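Consider the two complexes below, in which subunit A is the common component and subunit B and subunit C are the respective partners.
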Partner chain A sequence: MATTSTLTQQKKPERSLSPWQIARKKFLKNKLAMISSVFIILVTLLSLAAPFLAPYLSSIPDVSKVNISSMNITPNSEHWLGTDKSGRDVLTRLLYGGRISLLVGFSATVLVISIGTLVGSIAGFFGGVVDSVLMRFTDFVLNFPFLVFVIVLNTILMGIVDGLWVLIIVIGLLSWGGVARLVRSKVLAEKENEYIMAALSIGCSPFKVIVKHLLPNVMSTIIVQATLIFASMIVVESALSYLGFGVPQSTPSWGNMLSSANEPDVLQGKQWIWMPPALVIIFTILSINFIGEGLKDALNPKSLR
Partner chain B sequence: MLKYSIRRLLGMIPMLILISIVVFSLAKLMPGDSLSGEIDPLNTNPEYIEEMREKLGYNDPLPVQYFNWITGFMQGDFGKSTKYKTPVAEVIMEKIPNTLFLGIMALVITYILAFLMGMYSGRKPYTIGDNAIAGINYIMLAIPSFVAAVFAIYFFAFQLNWFPFGGSVDIVVEEGTPEYWLSRLHHVLLPAIVLGAMSTASYTQFLRNDIIENSRKDYVRTARAKGTAISKIYNVHILRNSIIPLVTFLGFDFAALIGGAIITETIFTYPGIGQLFLDSVSSRDYPTLMALTMLLSFLTLAGNLLADLLYGIVDPRIRLD
Partner chain C sequence: MTTRDFIQERIDSLQNRDVLLEVQNLKTYYPVTGGFFKRVVGNVKAVDDVSFSVRKGETLGLVGESGCGKSTTGRTILRLLKPTDGKILFEGKDITKISGSRLQKARRDFQMVFQDPYASLNPMQMVGDIVAEPILNYEKRSRKELEPEIKKLLTRVGLPEEAYYKYAHEFSGGQRQRIGIARALALNPKLIVADEPVSALDVSVQSQVLNLLKELQIEFDLTYLFIAHDLSVVKHMSDRIGVMYLGNLVELASNRDLYREPLHPYTQALISAIPEPNTAIKKERIVLKGDVPSPQNPPTGCPFHTRCPMAMEVCSKDKPLLTEVRPGHHVACHLY
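Let's turn to the complex of A and B:
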């Protein structure tokens, strides 16, 4: 009898969860992070579907043309959020604006993370002269007053390349310094482990060691950092557009929409024009930050939650 | 300490040269005469432009031009503003007091808020009050300053009429009178609160954690054993030790304030350096723009240096490397 019971035990071995499964479990339990994720997914889907939704949402689906007959309408059943001073439907613009703001935020984040990871991992892995040259360069980039140079570079490049991509490239090229420093410090700690020496001793190329062995182990840090950078990139985009130095004025983005609050009569009397983009920006940034915090908790094996 | 400071100061020189080269290259990439502002942009006569270019040395090799520009710059010759038709140095000097006033007020507000909240949280950690403060701080940190500024103008200037919504002083008051200074203070308060709230969160949380950490130390236990009043332990013994590391934040705040001032000044139409900077971009006043870029880069660099030096004073171990 005893033998059969051990057999059934062997049939169902206790499989422990993989680190990623543990992280997922922890993240799903985090209420704030889950609500935030749902919100972000909703905003993203609605923004992506803007061209399909626009005709159903209002009778004036065009967001770029000025429409004199429908200026400054207060919110009603036809225009849920009213229309702005050029007679464009605010809700439709909000959805189209989401496309631009999220696209700029996402692309800039990808750029920042790619450059930062590349520079940081090379500097950390090779050390010596390579490290000091790359890190001095990183210091140099970090020493620029960010906003000042973004605006100056944007002014020079505007007109040479399409406006949206100028913005993405400029803010991407000026903000990778922090990521590079972070990745470098993680790689420096990680490369002292025996498995790296083992990989090197069996003849793996440095490229392979970095990509296959080092990066997966610093990935959790990079993912958390990417989330937080995504939030700050959306802030940068909307702040620049708000000031009139970001996305071209004709393209709707959350920052561009908010810039109508610069006119005292809109700010004071026509709240439906500027409040929706302001609130969407605040909730998006908060949600992304909550997701970032949730991921940080979930990916940290030492956290107890 | 002196040796360390000198080494850090010398280390700044190559950084400054590199930044000046970048600024010079950017100026050369800009259309027209962006360094001196002597060529009248409205006069399109090619002979006039050619004559002026020759006179100003724009046909010299680039390194010579760079050298001439940087020597002039170091002697305070920033060129001539194409918008105001006066030397850039004068235009900038006129705005500096306003920005300085705003920056100092913002710092004062940051310190007041951070001390009140941080000391409360540190003294009563993990209570409802502490959690509420942490929540408020988190939201303050996450809300972008320009959105906060728009809401601040809407609620406090338009709805409640507590503050004026723009400018730096009432036009009607006479300069030098007490009313003049009160009016200036009244105008600077709202932008300073928005600017100051930006960095309050990090100060508060740092102070809180430091106070909690310190309250477990031996000297606190000794003080308690002697029968010292709890409030005295917190307000004198612990606070004195917790303030010191906070000093290092000042340097980083410098850089943050520069970026913040550009946004806040523009939204509040407060006539300072930040507003002048954006104004010079939109009015294509390139000499002013380039001088300001150089100036702001220098200030950021100085802020980072200050942070490093303060670190060195607070924590002597850092000086060794």
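Let's turn to the complex of A and C:
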């Protein structure tokens, strides 16, 4: 018997694409997802640049001061989107609001995904008693009446932490249940594969097995879930601010801007005040969802698009 | 030198070597839970009182039909499953009860080649990383530094050097199994448990992988616990063979003795089922009646008595123990 069993060798000088690189390639080909990405990036950049842009956009760059001399001006060349009932420029407020809404959405998403992934992967990997305890706790959190808790916790924490971060923490602590369940179910399915047992047999610690072997393989699900949660977090922020339990009224956010539509007079007669934030919220959420959809296709090895 | 002399020489040389692995009365039960509070209502006795030993450099084959507990035996020996009872001695050291970081350290010396080449490699890892990972787990070395070593190992198992930069999905089943073998070899272990390493491969590829395993055994002085359900594969690979039925080891003999003169009725039935390529030879086929009983509720006495063509009254009462009836030939049967 020959000592070497050679296989047909193909000379390929360059490295193979990693699964992530393949996904990126597929994502870049998805038109709708790309348009959405451009939109989100544009909104984010404009919001981030708000303090620099504001002086050029209107004569009243201050977004929190009441300005009696310029109340309820319809859109014109000076105020592109008009001013609201307190005499503040709507476009400037929209940009500043984006900072807050996107920050709340993003931070809450990071918090939700972190807690959910941590709890879900530990419960799924170790199973048994650990799983039972963690998942019962998750059920417990999922059963909290969301609105009531947000309002109560918000009030309790309000004095201690900065208003904005109270909201982020409260939303984050109350919304990770679904992610934990999803990650756990994915981990349960994935850990049955022999490569997890192989990882243990080559001397990986349980922690390393979770971080290096399990999580990369459930990451696609987590990423897709994160985009969807990002969208819903923006909605939650807007809804809470609209109700008056979200971001403090003095801080402009898309939700706070919408709440001016509370008054029938504004809702019916002064559409320029509430239409812009409403449209921005709708398009942002749509875009995020399209991106999520695109990521789902790109990360799914079975889809060929 | 004829083949027979060659085999005899190998048997003699193995006789003088130390015992590497000793398994004493190993039992692995899977608990069956039921009811609202998930109480344990029974046990699936996957491995029920199995004892054997493996010498250094030897290949012990384990055969049996699916569900007889051969894979569970292999995994329990590597402590990937928790043994219910019994002892596993590796180089004289008891590894049955160790856990945590001590177990992790001990694992360096025994590795596994897995059955499913499609599921046993992490799809997110580059092949080079898959093979380097065991070394990185035990030694403080950089990935860069290891690269030439890993490439050498990949060429040794018959893969091109460029495989280092590829991902598992770009390879065929046989090539993936070679990656799995390279991973098991990376730490230069003493014992390799090969759990049906070729059962998922094409017949043409099977022989390549088997021959690779044989070459590596001589080159690295490896000891194999070779698990398979294919009798001809086991015959090709093993020095000694253990036959398992329903979690029990029913016969343990040298390769030659087992195929020439099987003693246990179950082994006789198994060997009669091997197709004979020479049509001139008329073989008598022993066909067993019935199905394998449930391991959750195994029959009393001899586990095989429900299907045994030679069952006696005593068989349903007393469980026969594995005894040496001829030199080196152990069988668990009341007939001997």
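Going forward, the second predicted complex is superposed on the first by the 288 of 305 C-alpha atoms of A that agree within 3 Å, B and C clash if a C-alpha of one lies under 4 Å from a C-alpha of the other, contacts with A are read in each partner's own complex, and residues count from 1 in each chain.
Heads up, the rule we're going with is that a contact is a pair of C-beta atoms (placed from the backbone, for glycine too) under 8 Å apart; a residue touches a chain by one contact, two chains touch by 3 or more.
What you see is a predicted model; the values in this text were computed from it and never measured.
Of the two partner chains placed by superposition, only subunit B is touched by A:Phe144; subunit C is not. Once the two complexes are laid over each other on the shared chain, residue contacts for A:Asn217 go to subunit C alone; subunit B is not touched.
Looking at the shared chain after the overlay, A:Leu200 reaches subunit C, while subunit B stays out of its contact range. In the overlay built on the shared chain, the residue A:Leu153 is in contact with subunit B alone; subunit C does not reach it.
In the superposition on chain A, A:Ser18 contacts subunit C only, with no contact to subunit B. Put simply, subunit A uses no single residue to touch subunit B in one complex and subunit C in the other.
Interface residues of subunit A facing subunit C in the complex, by the touch rule stated above, are 1, 3-7, 9-12, 15-16, 18-19, 193-195, 197-205, 208, 213, 216-217, 301.
Taken together, the subunit A residues at the contact with subunit B in this complex read 139-140, 143-149, 151-153, 155-156, 231, 235, 238-239, 242-245, 258, 261-262, 264, 267-268, 271, 274, 278, 281-282, 285-286, 289. If you check the complex, the residues on subunit B that touch subunit A are 15, 18-19, 26, 29-30, 138-139, 142-147, 150-151, 153-154, 158, 165, 255, 258-259, 262-263, 266-267, 277-278, 281-282, 289, 292-293, 296-297, 299-301, 304. Contact residues on subunit C toward subunit A in their complex (touch as defined above): 75, 78, 80, 101, 104-105, 107-108, 111-112, 114-116, 119-124, 126, 133-134, 137-138, 158-160, 162, 165-167, 169-170, 175, 180, 183, 186-187, 208, 211-212, 215.
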